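What follows is subunit A paired twice: with subunit B in the first complex and subunit C in the second.
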Partner chain A sequence: MLPAFAYIRPTRLQDVVARLNQGDAQLHAGGTDLLGCLHDGVFTTDMVISLGALESDLNAIRQTEDGGLELGAMARVARIAEDATIRQRYPALAQAAASVASPQLRNQGTLGGNLCQKPRCWYYRGDFACLRKGGFKCFAVNGENQYHCILGGTDCFIVHPSDIAPALVALDAEIKTASPQGGRRIAASDLHMPPSEDPRRETRLKDGEVIVSIRLPGAMANRYSRYRKVRARQAWDFALAGCALNLDLDGDQVRDCRIALAGAAPVPWRAQAAEQALKGQTLTAATIRNTAQAAMADADPMSQNGYKVALFEGLIAEMLEQAAAT
Partner chain B sequence: MPTEETETQNIEGQTPFTQAPDNPAEDKAEPWGEQTRIVGRRHGRIDGFERVSGGAVYPSDVSLPGLLHAAILGCPYPHARIKGVDASAALKLPGVHAVISSADADANPEWHQGGRIFNDTCRYEGEPVAAVAADNPYIAADALKRILVSYEELPYVSDMESALADGAPKVHPDGNTVKTDSYSRGDLKQGLEQAAVQVSGQYRTASEMQTPLERHGCVARWEGDQLTVWESTQGVYAVQSRIAETLGLPLTRVRVIGHYMGGAFGSKLDAGGYSIIASVLAKRTGRPVKLFVSREQTLLTMGNRPPTRMDIRLAARQDGGLTAIEFTGRGASGAYSAGGASLLDWLAKDLYQCDNVATELEDVYINAGPARPFRAPGYVQCAFAVEQAMDALAEKLNMDPVALRLKNIPKGSPAKDNLPYTTDGLRLCIEQGAQHFGWEAARAEAAKRQDGPIKRGVGMAAANWFVGDGGPPCTVIVRLYADGTANLNMGASDIGTGTRTVMAMVVAEELGLELDAISVENADTGTCQYATPSGGSKTVPTEAPTVRRACLAVKDQLLDMAAKQLGAGRDQVVFAGSEIRTADGFESLKIRDLDRLSNQKVVVGLGERRHNPDDVSITPFAAQFCELEVNTRTGEVKLLRMLGANESGRVINRLTWDNQLIGGVTMGIGFALTEGRVLDGPTGKLCNANWHDYKLPTALDIPPELISDPVMLNDDQANIVGAKGLGEPVTIPTAPAIANAIYHATGVRPMATPINPLDLLPRLNQET
Partner chain C sequence: MTSRKTEHETPAGPDLSRRGFIKSWGAGAVAVTVGGGYQAQAAEAEEQPLAAEALSRVELDVNGRPHSVLAEPRWSLLHVLREELGLTGCKPGCERGECGACTVLLDDVPHYACQVLAVEAEGRRIETVEGLLDGETLSALQAQFVKEDGLQCGYCTPGQVMAAEGLLRRNPDPSPDEIRSAMSGNLCRCGAYAHIFNAVAAAAKVRKG
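So, the complex of A and B:
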């Protein structure tokens, strides 16, 4: 059951940020995550602020001066998956968007909401007073942690649920925000908050700060980029393991690369050791193996999620082999 | 009585009926034969428009003047003693009309599962502690939050192994064993000695949860001493008698209606605690009360396929003939006795010919929601062990898995003293399925595709289902009106399988009418004839022959009328479609032109289900075939195609038949690959209590090619329509067919469900 709250539909962004700065107000974009959380009592609120009535267009997808794209925060996930330009220039992003949830949820859910969604940990969502909800411990540590993180966990061991975020990290995207203090730009790789800094927040957005758009740099356009996701069922399921790959290829040689993982860590996980292992190398069987292993070198699995190490290694190897074959 | 009778009783929740009218020997109804006019066709649902347009009123749609909304407060712990319930704050909330709990003796009758509706000791998470009735669902939810319960948490057990360990916390004072059971025939030791080859293994299946589309619940209304309950149920009469018994009411005071209902797989065979709670709250408040449990409560409390651990050993001669089968199965009832090991050994002892068999079963209590019969209880789990063991045995014998099974086909039911089967259905399913699937070519082709990390595999499995013969009691009335239309009145529920459509087709066939001339009223104890719940794959074989018999009774009276009107002898007139003719063909009469019918307005035919013949075993059979790919680097399984061959006697409606096959395979895929209850180790609480974390298969988890391949035959020994049960046999072989294909692809045998990357990948990396 939903709690009782006031619902407002500002037409100006500055009103959104002003109201958002007060109390425990929540933003409502597509509502697919927010309403579920409120229904299930994960958190509560006394004011919900809709982004649906804004005069400024947060839905737009437009070209930028550097040859990149700017995607409005309210662009629907389905649109990101289907947009011809994105599919052509940033295929990893289109593939990541296409692998989200189900057709209905992709039609309703937005890009900004996808980046700011709450974790799917069953303790966080369920009837458990866990650390992230203000309790004292992470239940996954001694509990059912088959879907939890193998990298970057401290205090809290969620995996970040978004498929889109790792694609944006791999594509070196930038997040543009608005806030009571004015706007700023944040690298996609800095948007999310690791539990080591604050286990109760998922993003570094400040109170009252709203994502306005996401910029994809022109420099990353038309690279070899892919997203692939392994899940326990084929639709309407989060990643057991996801990998966003972005290669700057010169024939078989990798001039530059970015690799980001979903389902691995509490934040979209940039696999820097793997990038180092791959940069400047040719895509041989040995490089591929080294890269896959480097990605997992720091993995510290819990009692039930050791399979993820082999899974990520297998997934990365498969993707690099496919890159080599093209 | 042989054990299967008691087991039937167990899973159907009904008493065996030994005094059905008449004897099959006196049954003079001719079989329909090969040429039927309507039966056998593909026919859409007669109520399809109502169902998809929203016109159909399901129990959860029922709205009445003054309706109150109820909600149940569940215990948040797997095991706790209730020290006190303080409802005063809830009662003060405006719009709250009543709160009941164990503190309220008048509102807390004894309940057939053991204990009462509200127990002072809660033995599973979600067990009802209190319930409220309020003006709307929101107030009811708020009220639940204001009920203050003080609990004393008790130690709990949430898996079978810990439940049976020394010093384990006790679910019930007598300990954690519900019961044990054993069976044997021949001499196991000797059988093992005769064998050239043996295989053994331990298989485990996870608990699969019942979560039908329409949630469990009802609307209850009192008018004076008369209680009416609109309930989402598989059997209105079963609900009626349970409510009457629990509340101490005569049957005539309880009317249960379930015209439409949104699906069930065994968990709605009987009334629920909710039926009683709603009735009590309605009495208390003098207002109708609606109570549907939430989805989370459904997953916590509405029943499940019990988790199992099964040890199996098969032994065979070099030619593949089985010499011994040893099976030990353990299953968990949950917190109350609920058939945790019910029917778990049946496929082991009854599917294949084998002289020496020994089985042992153990049913265990754990602090989790009670099990409930779930589509082919026991069989689905057992098939996972038996049919994989057969596959392993075939490999060890260097035999084709199809050939090994064909080598061991029994002529009669091995576990029912070889009582002869009415058909050679098992062989037919396996042979026809293998042929239409292209088994040999597919196996050979897959074996060639073993190079890269993606491996191709092909597997199969077979099954039977020990009921599916149907039987008494069942009464049906068919009324033929003067305008030549007919009404079918039967108690049976249509649980989404198309029962109404199928039975209307039987009426149309027998009375020579078109389908749109038939109306059906069903599932209402106030107006319809007696029926047992729709479950156990027995609805078609129970109801269809009875419906036909009622039609025959109508025709008998029409022939009397025609003979008089035509001045012919009674044996001189015959039915020809919708007309009656004299045997010489000179004179004919349309039904509507029967004078007596126009005066009398209606002819009423009564049908009663007769006994089945007792010298045969009426059994449906199945075989399924599967081709898939396994990505050995990620553990992903991709189903490419499946085929299900079933022998369930006559195909009455090919469309509803195919629906069953597709639904059954889909459910089997969920059981095999995606579904499984996860109980949190340290707290005993359910982790996956929603439709996101509890992973039912989606359209993308179903193979793009899924073929329903019925074995077309009419089983005229079974009953007068020649049809047997289908709804359960369609789901039994799915998981082992998939598992065997995975083994064929990878050489890794799935030993536990759900088979997913979590389990498969480490083993692929280890063993290949």
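So, the complex of A and C:
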């Protein structure tokens, strides 16, 4: 049985936003991460605020003026995976969504919830007062860290669990929010909070700020984009290594590119050095190798996760070889 | 099993009407503007929350029948189906969305009942394995699980059956890969997977006639 909480299902977004600003209220979209966190005692809440009554207002997938798409935050992950337009124009996003969790969880989990889910670190989810939960240290540093980060770790060494977030970063997506101040747009690459800035928050959303939709720019439509995920077993699991690739190809030449990694860092990780190594180059064995190595040049593995360096290099190289072969 | 209900019926009184109040609202009072702000079309009063640890009336449509139950906000659909409605086909396994034993259909689509709050299931068509029976007769899908030996201990079976039922409603003619993928959210600790896949494939054939 979950710890007790009050529950409200507002029919106006302004009431959601106002209530979210009070006490330790928690937002419920699909509920798949929220209920798990409450079940495992990661945090408690005095009030669950459901977006359920606003679902039909917040789950549209529509074309935008610039030839892109706007995806409602309450769109279910399964729908993102199956939508014909997304599959055609932004395949990396559809593939990332299809690789999330299990069929049942994709049917229930939402786009907004996937971006705002809590980390899966076993110390964070377990019975440890770790830094992220308000304690003083990250237990992974001297503990079991085979699934922890190899890039971007300071103080806390989680990996961000979302497969969808790196795809959105690689596609230059923008997050639209509503808040007590009225709302704003945030680049997908700025949504998540690195532990160097605040190890106790996963996103830069302010108190009371709700994701309303995600915009995919028309300029990124119909690029060569892919998402691939490596996990410890074939059926559902979180990424050991994931890569979202977005190439603007002119024959074999890479005019422009984005590479964003899952399972590498506490935030969806944009591999900028690798992008620099690839931009303007032709896809040859040598550039592919250089790009893969550049992505891992700053890697700083922990005691048990050194395997991830070779895994990411192989994953990135294989994906680029496939791109060259098409 | 239902003694809790009568115990709490009186103290929870005020919440009952609130529940009805929220329900009667319906959607449509919201307009999200493109700038990311929001506007309410009507200055109507805000809903009131359901209190923690108080019972509120929740209207559920289960296996084609309306059920009016008293539930706390924190109760999962799994809990209500088993403990309040006696539908024990819905099995608790991990209770954290990892095993699939609790799989039910909401509006024809497989969901983990342990990850759904009962209050969130209002207005949805809920189906459990009990709902697949025609009187005392097993459905074609259930019968194929028996025929193909799609189980050993049987604990995961109701969840497996509901995941397969959801698949076959959506895709009456699934390929072996589509079957494996659709069943991948259901674990079987006895490892009866090969037989389970056979049962689903056989049921698809039977259902097509």
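Here is the rule we go by: the second predicted complex is superposed on the first by the 323 of 326 C-alpha atoms of A that agree within 3 Å, B and C clash if a C-alpha of one lies under 4 Å from a C-alpha of the other, contacts with A are read in each partner's own complex, and residues count from 1 in each chain.
One rule holds for everything that comes next: a contact is a pair of C-beta atoms (placed from the backbone, for glycine too) under 8 Å apart; a residue touches a chain by one contact, two chains touch by 3 or more.
All figures in this text were calculated on a predicted structure; none of them were measured in a lab.
S.K.: Contact-wise, after the overlay, does A:Thr282 reach subunit B, subunit C, both or neither (first, second, both, neither)?
M.R.: After superposing on A, A:Thr282 lies clear of both subunit B and subunit C.
S.K.: More residues of subunit A are touched by which chain, subunit B or subunit C?
M.R.: If we count touched residues of subunit A for both partners, the winner is C.
S.K.: Check whether A:Met1 is in contact with subunit B, with subunit C, with both or with neither, and answer first, second, both or neither.
M.R.: both
S.K.: Between subunit B (first) and subunit C (second), which does A:Ala241 come into contact with in this model arrangement: first, second, both, or neither?
M.R.: In the superposition, A:Ala241 contacts subunit B only.
S.K.: Between subunit B and subunit C, whom does A:Gly143 touch in the aligned arrangement: first, second, both, or neither?
M.R.: first
S.K.: For A:Tyr307, is the partner it touches subunit B (first), subunit C (second), both, or none of the two (neither)?
M.R.: In the superposed model, A:Tyr307 contacts subunit B only, not subunit C.
S.K.: Figure out whether A:Arg120 sits in contact with subunit B (first) or subunit C (second), or with both, or with neither.
M.R.: first
S.K.: Pick out the shared contact residues on subunit A: the ones touching subunit B in one complex and subunit C in the other.
M.R.: 1, 40, 102, 235-236
S.K.: Provide the residue numbers of subunit C that touch subunit A in the complex, in ascending order.
M.R.: For subunit C paired with subunit A, touching residues are 22, 25-27, 29-32, 35-40, 46-53, 72-76, 79, 95-97, 100, 103, 109-112, 114-117, 119-120, 163, 181-182, 184-185.
S.K.: With touch defined as at the start, can you tell me which subunit B residues reach subunit A in the complex?
M.R.: 76, 137-138, 141-142, 453, 631-636, 673-674, 678, 680-683, 685, 687-690, 692-693, 695, 697-701, 754, 756-759, 761-762, 765
S.K.: So in the complex, which bits of subunit A are touching subunit B?
M.R.: Contact set of subunit A toward subunit B: 1, 40, 102, 120, 122-123, 125-128, 139, 142-144, 146, 230, 232-237, 240-241, 304, 306-307, 310-311, 313-315, 317-318.
S.K.: Going by the contact rule set out above, which residues of subunit A touch subunit C in the complex?
M.R.: 1-15, 17, 28, 31-32, 35-36, 38-40, 46-48, 50, 52-54, 56-58, 101-105, 107-108, 176-178, 182-185, 212, 235-236
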